[in-house]
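I've put the structures underneath this note.
Shared between the two complexes below is subunit A, which pairs with subunit B and subunit C, respectively.
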Partner chain A sequence: MVNNDAQLYTIEGLAAAILMVVTAYFVINSTTLLTPGDTHITDMQLEQLGADVLRMMDTAPHFDPNGANIYERKESFLEDELSRDFRISNEITEFTQNFNRTFHDYAGESLHVYPTVYYWDGGNVQRLNIWDFSNPDAPPFTNRDHYVTVTRWVYLNDPKWDNDNKPRSVLLEVLIWRD
Partner chain B sequence: MSQYLFPLYDTSKKGKSEFGIFKSTEMGEDGQLSIDFLIGFTLFIIGFIFVVTLMSGLLVGLQSKTIDYDAVAYRTSVILVEDPGEPSNWFIYKDYEKDNIIRLGLALSREYPGVLSEVKVERFFDSAFFSYPGDYRDRLIFSGKGFFPYEFQITLRNSQGNYLYPPIGSPMYPPKHGYIKRAVFIKKNPDVVEFNCWGNPQEIDIDLNFPELYDSERGEIYQIDPRQMPIRMRLRTDPGVELSDIIIGLLDSNGIFTPLPGFSSLPVETSGGNAPPYPITIQDDGSGSGYIDISFPAGCFYDFTNKESHVLIKATFNSPNQVMQEYQYDYNTAYGAEELQPAILEVRVW
Partner chain C sequence: MEGLNEDGQWIILMGLIASMIIFFFALLVNQSIIVGKTTAESVLDFPKSDIQDLRREIMRIWECNPDVQDDFFISIESLALERKGALIHVHIDTPNNMFNLHFNNGVTEYNENYYR
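Coming up: the complex of A and B.
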């Protein structure tokens, strides 16, 4: 029943109300949510670094005048490594170690990477398994990590994993994230 | 009702006016604000705080320098890593020509972004040539007069994290700053090429075969560029030979040698001292032989040669042996320029 009888002393009530509201405001305001909108700068920095490293891996570090053809004289790390016969598990293990080591050397820091290769077989897009998850240098990709994606087309003159044994352009996609 | 809410108080002593306002001198339960008012006031306060929060941007300074540090750092890195600079051979400019340098880019060329030229990198980090911050602000950060005076730091490290050159800019930077990290290759200058010239010949000819050096199959990224790179060589001779002169000239397609004016009595360092003056006796440097170091700085041949030129270096000796030795400066003798060294470039702006 509404009447003139108060239930709180006036000033105390006013102070209590203000105190509760301000406290609730501070509590709610103190939490920080990293929304996708806030991460675009750090994502861009990591993407740029990843793109730089892939470009370096796709550039021969030196010219080999003894190569049999122009392709072998300027063969890059990626062209060489992605031509391995990935049907053999040992080749996958070696690729994982070499890719990790070279990526870290060029990037100047330890980043987590997960590369995949896609190619067109004339009818469908195929995915090549090139990563050894049992390697201690290759932490598992949980799909909950905040990663960025960098891609690069790589020309392979003689991919040994290809049954047709013909030159191919493959799409290398690398997921990169930090701890 | 009030006796149930405040059982410790004697409600019989309260006095009220017809408006419900407590007028007695004793403490009573009659409030001056009703619950309705308190609720309404609370809602008003919440709404007011909400509006003020949305409008908080009006209470800070209007200068937007704090939000674009990362953008300035990224833009600077793009100019350094992907742009050859303007003009692209800015590194051969002398101190009095510095004002003609419009933009400082370190890339070898537009066709090879991410590959830096060592000769450009050496000049860029040369604190005796460029002074911080003015020279860099005008030609790289583009924040000269009238713009916000950004401070910055630029470092170049190898894969192990060691500085390749002393950093440019302030050694200390605030926690809040713009940052970008780029991974690059550095195309190295050719190493010193050594020619063994035993037998005290009367003349030694060294042919810089430009057409062979500008091998189109290698491409700019793996070539030795004698018109833009420093060329250094060492002639090993028997001790005691007397060097009478060193001249440079051009060899035409008919094999006719034409000395270049101003390129005689070339300054060289030898194991017998510096020349000129000529003649100079080459002493034993302790290894049983002597040496003559010939160095051409970057851009030395730029103005009077093209990619089809043949530059001949003639070293003449006061020798009774009428013998002439010929050597080629090419990819069989010169090394180093075909190697790409990985490095990390970091730019911080605040």
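Coming up: the complex of A and C.
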């Protein structure tokens, strides 16, 4: 028979059930599954780190009062290195060594880096061949790595790789990935 | 309520409080997961470094080459459109000693008049 005994037990049971179900919902909801398309947090940190490293590499370490003009007095590592004559293969080898060493000095050894330079030839975007893939410290980039891209505009007053010998702004695009 | 044993009410009350505390902690853990993710997403979306880099580049060009004309920036505008998907326009206003900069990558729009 239906009577009105134990009403408090019923209410308590109901409250406990709701509490348990909602708690279970939150607990299950609090676990995340990290899928390759869902790596925002590490990507954000890597991108920030990369942008900061390129900024340091594109800042003159000290003011050189003996420079001929303001460009030379405040010439940065990147401005200097990207002006090399990349038509000579020895220059590419040296650039790869110097870039790798400086990048790892700033960013640590656990990162890998692969830079590319793009420039505008007046009609098209051209890619400059700057990287020595045979360098043992520069492991080749495979598309299976999860990388982020950071870029830096670099102003070159007198790029030696360019036949025109006029000032250029080039885009340095760097792929960075972890092991 | 007939026949209801009213012993041990403190124990029952403490059980309720303990469960409330556990519930509250579960809520905190739950929220903390979302926070890291959405923050990182919005930081990635916002082209802070791109704009800072572009401003610095214009100032560097201007510093090294005070007579620079607008057509020098065609290279930057074309490269940005092709490689970064960003629409950039730079105009040097020599008489007023200023430049103006327009940046739009589809998500963020940025305009600046910079006086030297």
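Operating definition for what follows: the second predicted complex is superposed on the first by the 141 of 179 C-alpha atoms of A that agree within 3 Å, B and C clash if a C-alpha of one lies under 4 Å from a C-alpha of the other, contacts with A are read in each partner's own complex, and residues count from 1 in each chain.
What we mean here is this: a contact is a pair of C-beta atoms (placed from the backbone, for glycine too) under 8 Å apart; a residue touches a chain by one contact, two chains touch by 3 or more.
The structure displayed is predicted, hence computed values, not measured ones.
Q: So in the superposed three-chain picture, is A:D43 touching just subunit B, just subunit C, both, or none of them (first/second/both/neither)?
A: Once the two structures are laid over each other on A, A:D43 reaches subunit C alone.
Q: Applying the touch criterion given at the start, work out whether A:D105 contacts subunit B, subunit C, both or neither, answering first, second, both or neither.
A: first
Q: Could you look at A:G67 and tell me whether it touches subunit B, subunit C, both or neither (first, second, both, neither)?
A: A:G67: touches no partner chain.
Q: Thinking of the overlay built on chain A, is A:M56 touched by subunit B (first), by subunit C (second), by both, or by neither?
A: So A:M56 only meets subunit B here.
Q: Per the contact definition in the header, classify A:R168: touching subunit B only (first), subunit C only (second), both, or neither.
A: second
Q: Between subunit B and subunit C, whom does A:P140 touch in the aligned arrangement: first, second, both, or neither?
A: Neither subunit B nor subunit C is touched by A:P140.
Q: Which partner chains sit in contact with A:T10 here, subunit B, subunit C, both or neither? Use first/second/both/neither.
A: In the superposed model, A:T10 contacts subunit B only, not subunit C.
Q: Examine A:L19 and indicate which partner it touches, taking first as subunit B and second as subunit C; both and neither are also allowed.
A: After superposing on A, A:L19 lies in contact with subunit C but is clear of subunit B.
Q: Taking the superposition as given, does A:V27 touch the first partner, subunit B, the second, subunit C, both, or neither?
A: After superposing on A, A:V27 lies in contact with subunit C but is clear of subunit B.
Q: After overlaying the two complexes on chain A, where does the subunit B footprint on subunit A coincide with the subunit C footprint?
A: Common interface on subunit A, subunit B vs subunit C: 5-9, 22, 29, 41, 44, 48, 55, 70, 74.
Q: Under the definition above, what is the set of subunit B residues touching subunit A in their complex?
A: 1-2, 5, 16, 19-20, 29-36, 38, 41-42, 45-46, 49, 53, 70, 74, 81, 113-115, 157, 159, 161, 179-185, 217-219, 221-222, 331, 338-340, 342, 344
Q: Touching subunit B in the complex: which residues of subunit A?
A: Touch residues, subunit A against subunit B: 1-10, 13-14, 17-18, 20-22, 25, 29, 41, 44-45, 48-49, 52-53, 55-56, 59-63, 65, 70, 73-74, 105-108.
Q: Name, in rising order, each residue of subunit A that touches subunit C in their complex.
A: 5-9, 12, 15-16, 19, 22-23, 26-27, 29-30, 32, 40-41, 43-44, 47-48, 51, 55, 69-71, 74, 118-120, 125, 150-155, 157, 167-171, 173
Q: Which residues of subunit C touch subunit A in the complex?
A: Answer in residue numbers: 1-4, 12, 16, 19-20, 22-23, 26-27, 29-30, 33, 36-37, 40-41, 43-44, 49-50, 53-54, 56-57, 60-61, 63-65, 72-76, 78-80, 82-84.
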